[in-house]
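Here's a structure for you.
Order of writing sets the labels: A, B, C and D. Residues in every chain begin at 1.
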């Protein structure tokens, strides 16, 4: 097992970014591959708003990377929600192009669609599913763990002054998504994108009692056969994806 | 000597932030202070846009913290320019209130104005001098190393499509400062603030040949007797503040 | 919540060391404590041999520090087993004196015996219980999670060429403990120390099926009323102390 | 530019180790290399005793990796001096075999002798030159910056109770090298190895006034035409290899 922290420059973001990666240990790397052409499946992991990629150190992903033989890469997204921000950097472009290019040249990660997966927690679940819906040629499978998925509703609730549990002000959400009227049916509307999604498959897992549990159920219903939906007992995940991450990764490699 | 990396939650920023700190070693800490009431002078360090607080590991600040007996704390600012962003978090508020509160409760840093200093490099020099001008009750001394200080001109040049060396798009600068027309004379206009500044003192250092060398000279002229201006030979700083940081810290403690 | 990584110099170890700490968030710190004299209970956490302090990022300790209002500090021990090594640094001395002194001067940690706890996993459990037995004036409570506690047997098995699961060679164990004949009844013999221990109380938790499960049961029996022993179902801890760390911390603060 | 921190498992060391790496930025990586077979020259960097690989963040190595297009990798050595310790791990074996294997499979580093360099500071200079002398098929060039090279003398002075500036006790040095009588002419005696070295070339740089300046001069004399010796004015290196690292890397790529 290896845990790696990267600090590198991004042209798209106009500055340095941090990403954390989890790799299988030496005994899982193919040391007899003298030409070193072996490439590993890669899972792109997106944290929820208000957290950072450090969040994934609490989950079982490092052990799973070892067991299943893949590389997981989690970039810091700050308050971007993984979106090409209206007033801010083009983080979706960064995630779907530059980040993949950077790591393909640094780490032995696969370029193949069949070996590229994307997943996230909370609003990172939204970002992961959205990337998969919009870029089906890049990611074959996507998952969301306790996803916060319905951004239209989050924007409306935030504007109405409700306590949403997502640490974003109405202004901050406007910097990300533009004015509320611009969202529905636009390039960041996951539910609208999901209706048209055809090629990828999805795994949505949420705990009972989680505020946004219905987001996952509703989106899974919309995705139909392309989606698996798993509802966990309240507290089952020990606040660190102990059950859901294991379930999602098992699903990726089944 | 000690180098410390913090990952903590900010209410003002609505999420986690990273800061790096440099502390004197045990032999410089007053171990006979049985009640541990000793507080150390603190230097708040602001990096330039496009970099992160990692930038300061290249400078001699760790050794200087040891030699002079102070604590330096450098938060990551991302693309905020240290400003209460028009479309984004209130980073000036974070820097001048919350960050100080957090660290005063974690580390043995002084609350006294006479022992609170703020400095920065590039656009971090702008942010540092601006904080000192606007909050003279918090910081007694401020410095700028190869500062990029004239934001009005930077905004204009960026809008005109010039290559500025600062990795910000016109839109990104608008997210920070609002529309160009809003800047002059406003709460982020350092040159305007400097005219009225009365209580703090300033140290501005820039290398000959640096694109923004004139920014420092012009601002120092405006500040008059309150400012010291030092012009270094091109390359003297070894791209890592070898001369300017030593000069600035010596000035802080003279 | 805050996660902090320290790199500092140790005189006892003759060089730099790394430690990771977990602090309550700002809302748990007493911000009205204007003189900042509030000191928090402190839990010293010792990792198992072959791992590093990164191990604790997988456990629920950060959330527990937040919930119960304490500070946890986990130093890297490398292959020292937390012992004053026969051929190597005096790590027990470092743990029980210098480390406490360094952090008492940097972080707001309590000096009081009643608010100083020590715990560990695997061989770190051995080190934690041993420190508590030998230094009852420093630590009031100690715990071991899936502890590897019987060093005499580990040395014997390693010498006999058995696969122990502890990545130490016979020579490496000799560098730590000296020759096999020197161990029994000596300063590092936890079972011998435990017989005489009178002042501290202990919590030992182990999973059924864990190779060293009997170590915990046997030591708890020896400690008698001073020890609580908890046996978990196999796999209950999700390989990351999900149940045992919560149980131990609850026990500390009950 | 990229700065990367690795935490990985070593079979040889029997546990986790930390290494820091510096990579060229994306614009220096060959993105048109669709098969990703491009491999970069690699510089293995060894820190001095008492420090860690963090030491190299202060040096200009990150910028040099960018400018010259190589990857630098600096493992933490703790108190091993880079030696197969008498009482402790086989760190020379780790450095010359396992570490190279691990990184060849993770990062795009060259396996070719002509593109493998090793260098160090202080006692890391000793370790680097020794590895190059003993393993000429692995490293084509080696350098030492303010090297502490004459271990026989260091052992003798430490045994005699002199203050050497190297934070090792006599016992610790015995754990590394064995008894004093075992050293001369043995597998770790750099001066003895240097007499027989034939294939590699060396660069030794030391500041005037540095306590061990004569070590470099004497070894360079012994190596004869295979070595370049550069003596810097006292203080020229700004305590962070500002001149010597630039000189050494220029020499590597000339």
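In the analysis below, a residue touches a chain if its C-beta (ideal position, glycine included) is under 8 Å from a C-beta of that chain, and two chains touch if they have at least 3 such contacts.
Because the structure is a prediction, the values reported are computed rather than measured.
K.L.:
For the homomeric pair subunit B and subunit D, should the interface be classed as same or different, according to whether the shared residue numbers exceed half of all numbers used?
P.N.:
Mostly same residues: over half of the interface numbers shared.
K.L.:
Please identify which chain has its centre, taken as the mean of its CA atoms, farthest from the centre of subunit C.
P.N.:
Comparing chain centres, B lies farthest from subunit C.
K.L.:
Just how far, in Å, is the C-alpha centre of subunit B from the one of subunit A?
P.N.:
Chain centroid spacing, subunit A to subunit B, equals 34 Å.
K.L.:
Taking each chain's centre as the mean position of its Cα atoms, how many Å separate subunit B from subunit C?
P.N.:
Going by mean C-alpha positions, subunit B sits 40 Å from subunit C.
K.L.:
Mark out which residues of subunit C touch at least two other chains, giving numbers and ranges.
P.N.:
3, 7, 9, 54, in rising order.
K.L.:
Could you pull out which subunit D residues touch subunit A in their complex?
P.N.:
1-9, 11, 23, 25-27, 29-31, 33, 36-37, 98, 101-102, 104-108
K.L.:
Considering the complex alone, what residue numbers of subunit B touch subunit D?
P.N.:
3, 54, 57-58, 60, 62-63, 238-240, 242
K.L.:
Quick one: which bits of subunit B touch subunit A in the complex? Just the residue numbers, please.
P.N.:
Touching subunit A: residues 7, 9, 14-16, 18, 49-52, 54, 78-79, 85-89, 167-169, 171-172, 174-175 of subunit B.
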